[in-house]
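The two complexes that follow have chain A in common; it is paired with chain B in the first and with chain C in the second.
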Partner chain A sequence: MAPETATLEGQQVAATPAKQPTRTDNFVFGIPQDGLQTKQREVPLDEPPPLPPNSELTYIGKPTQRYDGPAKATGKGKYTADVQLPGMLYARMVDATIPHGHIMSIDTSAAEKLPGVRAVYVIEHVYGVAELRNPKLDGPSRYPTIRYAGQPIAGVAATTQQIADDAAKLVKVRYDAKPFVVDRTEARATDAPAVFPGPADEAGSAGGGGGPADVPQKGNVHGPERRKRGDTAKGFAEADVLVESEYFTQVQTHSALETHGFVVDWKPDEVTVYASTQGTSSVRSEFADVFKLPKSKIRVITEYMGGGFGAKFGAGNEGVVAANLSRKANAPVKLMLDRRQEHIVSNRPDSHQMLKIGAKSDGTLTAIQLTSYGTAGVGTGAGTAGPATNMYKCPNLLTDEYDVFTNAGPGAAFRAPGHPQGCFAFEQTIDELAVKLNMDPLALREKIDESPARKVERQLILERTNWRNRKSAGSDPGPIKHGMGIAQSVWYRFVNMDSSCEVRVLRDGSVELMSAVQDLGGGTKTILAQIVGEEFGMAPANVVIRIGDTRYPIGPDSGGSVTAGSITPAVRDAAYQAKGKLFAAVAPALGTTADNLATQNGRVVFKNDPSKSYSLRQVTAKLPTDEISARATRVAEYSKDRLTYGGVDFVELAVDTETGRIHVEKVFGAHDCGRPINPTGVISQINGGMLQGISYALFEQRIMDDKSGYMLNANLENYKILGAREVPEIEVALIENYIAMSSTDAAGIGESAGIITLAAAIGNAFYNATGVRMRRIPMTPANVLAGLGKVQREVMA
Partner chain B sequence: MNKFAFVDCKTVDEALGQLGDGATVKAGGIDLLDLMKDDIVFPAKLVNIRNVDSLRGITVSADGLQLGPLSTLSEIADHPEIQRSYSALSDAAGHAATPQVRNMATLGGNIMQRPRCWYFRSTDVDCKKKGGGSDECHAQAGENQYHAIMNNSTCAMVHPSSTAVPLLGMDAQVELTSKRGKRMVLMSNFYVPPEKSVINETVVQPGELITGIFVPAPAPGTRSAYQKYGEKESFDWPIADAGVVLVMDGALCRKASVVLGVAAPTPIRSKAAEAVLTGKTIDEATARAAGKAAMQDATPLSQNGYKVQLFQTAIYRTVLLAAGQMQRDPSAIG
Partner chain C sequence: MADAPKIEVSRRGFLKGAGVTAASTVIESAKAFGREANSALQSVPTVGPGPLPIKLHINGEEHIVTVEPRYTLAETLRDNLGLTGTKVVCDRGSCSACTVWIDKVPALACMTLSVDAVGREITTIEGLSHGDTMHPVQAAFVKHDAMQCGFCTPGMVMSCAALLERNPNPSLADVKHAVSGNLCRCGTYPKVFAATLDVAQHRVASGLVTLSAGREA
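Then we have the complex of A and B:
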């Protein structure tokens, strides 16, 4: 099925170029539960042989301890926030205290005079926000227009963090304040204050941030971006039943544990950037653009990373400020955002969605129509049509997505951009359809869903959960009501061809892998070690993995779940080729030919004489040079098929209808992501996605004060995130789905890992418990009691 | 955070000698340091009393319970005699905040912590409670989902002290010591509603130190309970909490006190709920009637009407818990 809404920048699915010499290989294909098949593919000649299924492999597909787990658990792993360099200065960002207006003047003299202050830098351009199509409309000013409270204005570097903090407060900014609007509904009014004086667009970012350009804009309403398939009017006319629904979701902030931040060491011959980033390569590109430097003079390092979720790709305002301060002060500068700033720097846009679905009485969908409004503050990218467009078979579709500008911090890509919002509305509407059709929600999906993987996943739900004992909606007698619900997700296979690495084999038997790719915490280092280990018959923990440094071959930016699917084939290819070079180099000394050598059970053996067997070290000792190495770059996908991944998640919960508290008791998820390389890592990602999904469904919400334009809960006590006591029993069933697309068949799991489905599954379970539809998240006591009709709530949209 | 002097004291006299001239008492420091880091308060001097041994200790006698103000919430929660005879107090201490906070937080600091209101606790906005010349309460027409639903016409803050709820219900007294001497203040006189002073929440004067908290021994037949409701269980503030002390004669309730936390700017007793319970057999219907009665004068703001429903539930379930007719509520946090 074609992912029509997939607009992740820089991630192209490339077809095999015609000219390359190829051979035909037979690949394992399909899902074990359905019976594995064989698929023939043309592959380039120097590709390694096809991998057998996981059950026949030694390290790949086996639960493997996190490569850097001990270093993280003991505090040895150094995150950007931990970097200490000789002579390093500490910086603090100064940000706007008004939500909209012009800066009349900035007086930095008091800050500069504070003992210990070494540099002050005033921002000339704001990054990561929408920009006017006609920049002249902002009028002449030395300073960027302020469009949200918390917009970066300047940075101060000093010898201690305390001095930098004090100095930041001494920077005096005079404003000419303008009317503002922070509420999405109010911003849509024709007489609302205009956030931008004319049409504005935000460029896309790796990972799916930003939104469409070239769409109409009226006032603050940017769009629609319209997508059409078939004829919805005709489809609705053919329908036996129609459901129309309306749903609302809130703004969620990324709230990474490690705030956005950089340490920049600006030297004339090279700028070294320690970045808390998802893309060493995208950070290097933006630094090169902003500072007009050749990429070769910029080195970006990300050894350990404390969470990004989509919001950490470029240099950002923090990086640009840190670099300018470092250049001015002639010293390394560390600039980490504080917790308040972290809440304002990025978010998942909110949404107001109206859906209409038509179906035949057997469930067959005849038409889907979605209109959505969402605010990404001063950015764009609030579309929600992904699930409605790409999940089910439906000939007629019409989606209109609008961005609504408000004077609030910009949205950014956030774990499956648009999908959690879209799924909350769409998968509940599908459930509403099931109710109207008097069909079991799983059976309805069986009818309309063509994905073979989700078919198996639904079967697992039936076999391994309580689903068959589901009672009719709202049938529990007391105030505490129990219910079950499911929801499905879809995500897309994207591949980033900027995926290269080098494998080195040394005479002492050590093996090293190098790539600029970064590990966000998802376990990239571990899977790379498994793949190299599999080729050399070496325990993954003994492979040396050096990644997260642009001095190594370029790696993919980690957005849209591309990392595993992009880099692992390059790593296997490099390891395979390095092994070939090793065998060729040592074969004469061993008295044989290279093609007679193979690795088996951790040893190098003669194919024609299994009694001849050596340890890897005995073999490398025969190397004529101290080191041999091979470099490989991602080979194009073996087929042009466009694939999606997904999952089906099941929730069992209790609703306390007198307190409005929801107790999620059990989550069962069945998920697929191609060939799982490290099931432990994949399941850990899914656990995390589910928890983030529950947190989104029940607790998290940005609260803006309409009167001042400030975010009132820019902290971690009133911005509520799920904690240990809210963690339900979780079970994950991971299915293997062999796709014959690359030398590893690996795929990422970051997006379709529960974050997409949980709010919808909880909504569906809530309906099953109470007979009432929750049309709004987060499902706090206030919203739940209002939803149950127990209290009047303020009219709000 | 401002620059400040820090003095570490070993005795009450030493601490009293250091108070005055913008000095502030520091006990566990949980609330005080938060407020300093957010630039809401900027004391010139911190008088650390954590090492004043005479302010520590819990003694139970025939007269009642004597608590040093440095008793931590964990110590109170884990104390077997308090669990047995003053269960609402151990419930409250054991369900406030988080385990880590409870290990640090002291009883004196807990009842003296400043109120919750995101406008009051924001550096960015001024309000009448901050005394900076503003005459506004932003919560009344602003974002007020966590704010007071009663007595909220002057200032809609709430005071989140969990322990103050049972202490009020148990007629506790607070011993205040200054250079001039000691005075005992009943819990019912300890907090000052905003109508009387929008700046100060308590009667504690500059130069005064809480040196003890005394809870009289319960009358025979006393049963008590406290429950706290929030949006989540880990690391959250109460949005409704209730403390109930019943003097029972068989199934009959001779005397009741029903105390509501975070309903009003300060913890309050509900005479209306108490009247419903007194002289009655406790069952679900009476308990629910008490909950309704407690809320009859509620004046919710634009976004906190749900707290009226929540308090009714909190009260009826806590009355039944105190009476031994219901299990601890899974929806009550902590």
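Then we have the complex of A and C:
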């Protein structure tokens, strides 16, 4: 996903229209540790003035209590799973019990007869999977072809969840089963069962995922998607040192605690959809597409949502089924996936990566070559080339990414799609290069990395960790060996122009912000309150934030870390304009002019006579109307520069070489995300990314049974996720990085928060501890002992 | 467990022996409901599988609710009583999202049948705060940002608050142990630890608790 080729749907970086009147402003620019500079930008005339650095602001950049913290801590926040409407029915999805084949018949009569059952709906089309370029190849059938165990087939709605569950078991499906393949390596064989009878492609979602459509397909192997820069043959010929490596990563399931789900209330004049989604807009768009409805007749509501991590966009099969059931039963229907289904609905694809890197003896990179194979099951999007392509300066690059179809649930965008896999291989190979060059891994990166932010971040690693006391690899004498490692991440600045909001100021002094944007837990409500609060000089907790409802102005879908960078400038613009309207409306009554009014320390003051000051309420009381409001939409980026964000993460761990257990003891991360708006929330997200990264590196693994085609551990006891006792000591350093791109300079942190780096940093620390390179995750005791040569065979394929 | 062999029946079979005619009598005490099942086993009419009214004591209030014997406490709380602060994530005892207190002891509402909660004192996340006044652990969760999506948060709060009830001065290891069953996909653990220890330290510092209780781990 190179910036130049990134085409996440709806996330354009539009150029400033040429004719718009502009002015030139001076913006704070750069990183405080490097000394702040000034950057001139042409900005539209009605943009607010540039913000000073965070140190000079009242609310922006200050640790701020989560706006909806009390609602979450007291259990009052209503998630989609909690929605209860009068007359609401409960539904259960019926899914395939074979991994591959055709449906011969579906008998729903017994289910329909069960008392309490109100509707049964059989799926006509499966969404969120690759589609045949020539759909006729599937042959004639009333039903979609089954390509994975767990594929949705039908839905049942009843007066209680228990009846719906009973009824789902009464739906009788007869199959004509076909041979299947669930293993990536086996699926590449020329005689492997074909998951699709011809070439198939999957379009991307708002959160990334999906893959290229115009690539060759042979058997189950879809690709390559090739990217090329310079001439790698020449680059390798110029190299003093070559490193070749091979790495493997597993399938990870998203496992959000709230499962995918919807409550749909289908009424003739409006369809109301409560959705556990990362994009109210994406849900509305897909409902409009699927049901041929005008978007104006669809209302999507997401007040609280219990985690998405990339997998929750659009209508999904759950939304489509819930809507059909609601329409049939003429009642609202709640359909949440159960935990088993949640493990199958989406995942991070696995990978097999082969890397070759050439370098001069001083470390200068001369060529990078990457070939990757990964399976996104019946989907695509297993590419891993992002870090190799975008992290370091290297004139010659060749990457070939292949998707391998298997009879397994579809991959989906998952927190920094492709990057944790790519980084695990690439950042360890860079360390292998450092070993060959006899260079300190940090010093090698200092040589090849042009990012000013990561330069500061590496310095922080040197200053605040034990790095300088690193011992040589594998030098601990006893069976428990300690090691340190680092890895770096890269992510990209995407902006979604569908970012709008309205700010209302009321005569009683209250201020309200409305946008359809949703808060997945990253703290969007809080940063919006800080920005409005800064403009009006009022405490963020006193601003009323209403989001997650498409009745409000459109908001960006939250994928690819776009939310903060997209919506906050619109919010500041709207707040600034509303304030301007307020001042214009009340100035005559105050005996002055609008341009003589300003907010200062929570009060409205006369610029020419600071002794004259009023509370906001005293000022709004003078409004001639009960309400004034301003609506704003994201203006284009101030510059066409393509920016990246990143971080450097440090890990200290112990390996028990007798039991194969790894104990991560300490993680230190230095990260950048433009101008941090709420450091508290950013640090929470970084903690979360790091812990998800450790979980990915050490524990998580989807296990498929090649006899039945089932996922064997589709639950939370056998699919192991990091728990409290595996949490290391964590420290985060957040750097300010002023980029002069928008009226807030905010940027997201979700992707670059540690999920990208941790597996690689743990791999590098493992090497430092043991002198052995772990080429495979998860680093379970079995895989560790195999890696150390203490047991014969690696457990995982 | 001298009488263990006598009650060695399936759960539903056990319920059958409870000696109550469905839908006509509210089952309102543990005694009425099976804890004297031995004699009842022989002669009384069947309870369930259809719905029956039961009385539950939740957050200091009595609720009469009609449920099938197979309904879990989590289902009854959420679907029948609208107490949706208790979350269901795995529905089989592996995540602790559904943690409530039964007779002041943390319990998994997804692994407890509603009928088994009859006559017990049930506390849910809704019962921890009073109006706008949060329980100190809830307030500390807010102060320390011990939540992101918030879906695990009610269960975490219930586990941590229960820990402080039984051990007012826990160590970090004690807190980790107390929430070792509570899964959080967003990775809020470090702040959960900090919040819980903060409450304990604050209480100790202000003399609210004495340190007679020993550490757990």
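FYI, the second predicted complex is superposed on the first by the 788 of 797 C-alpha atoms of A that agree within 3 Å, B and C clash if a C-alpha of one lies under 4 Å from a C-alpha of the other, contacts with A are read in each partner's own complex, and residues count from 1 in each chain.
One rule holds in what follows: a residue touches a chain if its C-beta (ideal position, glycine included) is under 8 Å from a C-beta of that chain, and two chains touch if they have at least 3 such contacts.
All values derive from a computational prediction rather than experimental measurement.
K.L.:
Who touches more of chain A, chain B or chain C?
P.N.:
If we count touched residues of chain A for both partners, the winner is C.
K.L.:
A:256 contacts which: chain B (first), chain C (second), both, neither?
P.N.:
second
K.L.:
Which holds for A:660: it touches chain B only (first), chain C only (second), both, or neither?
P.N.:
After superposition on chain A, A:660 lies in contact with chain B alone.
K.L.:
Of the partners chain B and chain C, which touch A:563 in the superposed model: first, second, both, neither?
P.N.:
A:563 contacts neither chain B nor chain C.
K.L.:
Looking at A:723, would you say it contacts chain B, chain C, both, or neither? Reply first, second, both or neither.
P.N.:
Both partners.
K.L.:
For chain A, what residues appear in both contact lists, the one with chain B and the one with chain C?
P.N.:
162, 717, 722-725
K.L.:
Spell out the part of chain B that touches chain A in their complex, as residue ranges.
P.N.:
1, 118-119, 122, 124-125, 138, 141-143, 145-146, 229, 231-237, 239, 302-306, 308-310, 312-314, 329-331, 333
K.L.:
Considering the complex alone, what residue numbers of chain C touch chain A?
P.N.:
68, 70-71, 75, 78-79, 82, 84-92, 94-95, 97, 124-126, 128-129, 134, 138-139, 141-143, 145, 147-154, 157, 175-177, 179-193
K.L.:
Which residues of chain A touch chain B in their complex?
P.N.:
97, 149, 162, 656, 658-661, 663, 698-699, 703-708, 710, 712-713, 717-718, 720, 722-726, 780-782, 785-786, 790-794
K.L.:
Enumerate the contact residues on chain A facing chain C in the complex.
P.N.:
For this pair, the touching residues of chain A are 65-66, 68-79, 81-82, 84, 90, 160-162, 255-258, 304-307, 309, 338-339, 520-523, 680-681, 683-685, 687-692, 715-717, 721-725, 727, 730.
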